[in-house]
Amino acid sequence: MENTYKPYLMRIERAIDEAPGVKTFRLAFANDDDRARFSFKTGQFGEYSVFGEGESTFCIASSPTRDGYIECTFRQAGRVTSALARKEEGDTIGFRGPYGNIFPIEAWTGKNLLFVAGGIALPPLRSVIWNALDLRSNFKDITVLYGARSVADLVYKQELDEWGKRSDMKLVTTVDPGGETADWKGSVGFVPAVLEKMAPSPENTIAIVCGPPVMIKYTFPVLEKFNFTPDQIFTTLENRMKCGVGKCGRCTVGPVYVCKDGPVFTYRQLQSLPAEY
Amino acid sequence: MTSTTYTLTHDNLNALLRALVAAGKQLHAPQRVGPKVFFKPVNDAATIVFDYVQTAESPKSLLFPKAEFLVSYRQNSEGMVVTDHLQKEIPEMILFGSRPCDAAALSRFVQFFADGHADAMVTQRRRALTIISMSCIASDPACFCTSCGSSPGDTTGSDLLLTPISNGRYLVDVVTEKGQSLVAANEALFEQAPTIVKDSYLATVEAVFTPEEITKRLATSFNDPIWKNASLRCIGCGACAYVCPTCSCFTIEDEGNDRTGDRLRCWDSCAFALFTVHTTGHNPRPTQTERWRQRVMHKFSYLPETNHFLGCVGCGRCSRACPADMNLKEQIIAIAELLPAIG
Amino acid sequence: MQSLQHKAAELLGSNRASVVIGYAEGSDGRVRPHFARTNDDAKALVWDQRCKQNLAVYLTKHEIKEMGPAAIIASPAVVRTIVQMASEQQFVRSFPITLVVDNDQVTELNDGPSLEAFATSHPVLFPSHVTKEVEDLAAMSVADRFAFWQEEFSRCFKCYACRSACPLCYCTKCITESNQPQWVTVAPHALGNFEWHLNRAMHLAGRCIQCGSCTLACPAGIPIALLTIEASNIVQREFGYQPGIKADAPAALSSFRVEDKEAFIR
């Protein structure tokens, strides 16, 4: 039997400063056997660790279509993320995973995909977006609405440029009123309001929504207004986690383990859960 | 397996325990510390006690130590090396004197860790452990095993179950292969016996609720006002969870520096204010009301739904240990009365 | 008992208190904390020798504070607790209505001076075995004392019942939970337990009002009050400071006087 809690050793291949306090690491397996047997699907997460400091939970922000490495994006907040932020290219950290359920992207074949993201919550969607773009012919229209408090807070700026230039997808970026700069070309306004103006059609469409709780709270009603059913809306939940595998008891929402039964839920599933997140 | 029964005299039981210690086996048995009884490693079989209703702490630490190494790490000239504690051999252990409810609890505990994403550590420890339980001939008012799927003579989870019968003898139920081999290895001490009905020797513990009924009532109770009053005197210590044989929550912590150290898991409890708190400061269970609800719901509603067993065996330890007298049996009976029956 | 129930009903009836914190009959001959909010609740209040748990712990509990002004039935230890908490600025606007019972006579202590006077005239009384244990420990050699605590702490699993039961451990985030930096090792192994108990004892030295609730709460049967009782004894001996006696006394270990006998402090 295997020790679930033994981390893979990962080398930081690239470290990118995304926004104030937000970093992205590209991580490569230090051990070739580990690389060979590792696989994941979009939506899954892992436990990233700095030895001596502890583990921290976040999603795998890269697409499973990109082989040989994983990427993660994190905001420096607690002890472990602060220690991670001090790590540099070439340093070694720990990773165990992948854990949790997945975005059922295979079931979305032939559908339009509407991504709605806010702030630091783009990473889980970035994984699906790239996954979908890499399998572009499987889907119809792909639309991404992404907002942050200010221009500086937008993450993946380079990729946003790239997505903006692509003709096979539509990107709308927005910043909260007052967060714009002189040369800002995107929208100004809160994500739910911008979404409302976009008047999305629910026809053959899946909406994938990730963002801070307030954004989520006001975005679902907009989608409902345009007749999206709760089964057409997907999101991810975050709760405090330790084990990642349904044992430590920390992440539960009623009978549901976010780490094991989630982190991906439909809005319909959320409606049947107590508000314990 | 339960077909073979033996009897054993008290003297021969003592001889058996002495032989196990002499053979260098790690024997854990009830011993007195002040007014309380604890499972402790035995150096001298004479310190083992038999006259207790229930130990203060459960025997779960044999499967789930209060602090357990998961991995260790060390930076050498080639880079970081992570060693896996699972690969280390666990010495054979014998648990003596667990109650039937304890053994039943440990079997649920093992199942919980084996279900889904298996936790090898607990499974490995169970494999190294032989459980010799002792039926209950006495109970106290905190006990409610018969309401939680166990009973004073329940063989579930034990390898051997001894029941004190007349004339300083014990009836021996051989429950598993492991129990059988322990008997076989010490054959001279045991006597073959005809099947003896042990019920008349056992303590009587009145069933006070049916768990299925409680689970059904709890299903819709999440937003019920009962939780606030029920939890008013709870001070949010983790005593209940730490003495409980089925509570399994833990935290994972690193000890050491960036070059060398260990990653451990340590017991934790949903009673603690900071158990669920996010890094942002947001707490999904902000007051003791939600935390007490979680304790009851997890044991009597969620676990039956997700893992098909009750998270409580009615050992009564939490009630005896609670500094605020949050009597669980009483609370569950009250739930049966306060919450409407559905369907 | 009747006059107590009567008094509680009167306080609730006149809306001077929204809740009276006291004890009621519990399970199997025990008493348990009881929060009387109605006349009927008040009839369940009891007061006798069994009432040992320090109820002042509930004065800082969110769900109780939310009820409104509180009255509390107080043993001398609880009175000392309230005085000590007051000296640590734990009561912003006013004291809780403190009810002391003597020969079925109920007296209200509502201000600093009356609480102080009561605390002074009711010195700490330990059960004789506690006095003896404190003396025995103090008489031990350092090595023996170390061995004693090592054995006792070996049973500690860090449930923190001792901390939760202590009304003076009111911090919303204990130093044991701070991890930037990690002051106290989290794990309940030999080192982690020593660190925890040293910290606890030091944080309560000169603040422990010697009620013994921590020992009563400990499910592992560790007589941990002995540590803080002795720590407070030492503070009293060295600094002439006794906790729980003066509501405006500066804290013994976190205030400073120019005439301090230790030279390093100047």
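First chain written, first letter: the chains are A, B and C, and each begins at residue 1.
The rule we apply is simple: a residue touches a chain if its C-beta (ideal position, glycine included) is under 8 Å from a C-beta of that chain, and two chains touch if they have at least 3 such contacts.
Note that this is a predicted model, so its numbers are computed, not measured.
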(request) Report which of B-C and A-C is connected by more C-beta pairs in contact. (result) B-C
(message) With centres defined from CA atoms, tell me which chain sits nearest the overall protein centre.
(response) B
(request) Take the average of all CA coordinates in subunit A, do the same for subunit B, and state the distance between these two points in whole angstrom. (result) 39
(message) Suppose each chain is reduced to the average of its Cα coordinates; what separation in Å results between subunit B and subunit C?
(response) 32
(request) Go ahead and note the Å separation of the Cα centroids belonging to subunit A and subunit C. (result) 48
(message) Two-or-more-chain contact residues of subunit A, please, as numbers and ranges.
(response) 54, 78
(request) List, in ascending order, every residue of subunit B touching at least 2 other chains. (result) 251, 253
(message) Considering only the defined contacts, which subunit B positions touch subunit C in the complex?
(response) 33-36, 38, 56-57, 61, 66-67, 140-142, 228, 231-233, 235-239, 241-243, 251, 253, 255, 264, 266-267, 269, 272-274, 287-289, 319, 321, 323-325, 327, 330
(message) Taking the touch rule as given, give the residues of subunit A at its contact with subunit B in the complex, in rising order.
(response) 1-7, 9, 30, 49-55, 77-78, 81, 92, 94, 99, 238-240, 242-243, 245-250, 252-255, 260, 274-277
(message) If we count contacts the way the header does, which residues on subunit A are in touch with subunit C in the complex?
(response) 54, 78-79, 82
(message) Help me check something: in the complex, which residues belonging to subunit C touch subunit A?
(response) 179-180, 182
(message) Could you list, by residue number, the parts of subunit C that touch subunit B in their complex?
(response) 26-28, 30-35, 53, 57-58, 61-64, 155, 157-165, 172-173, 177, 185-189, 192, 213, 216-217, 219-221, 223
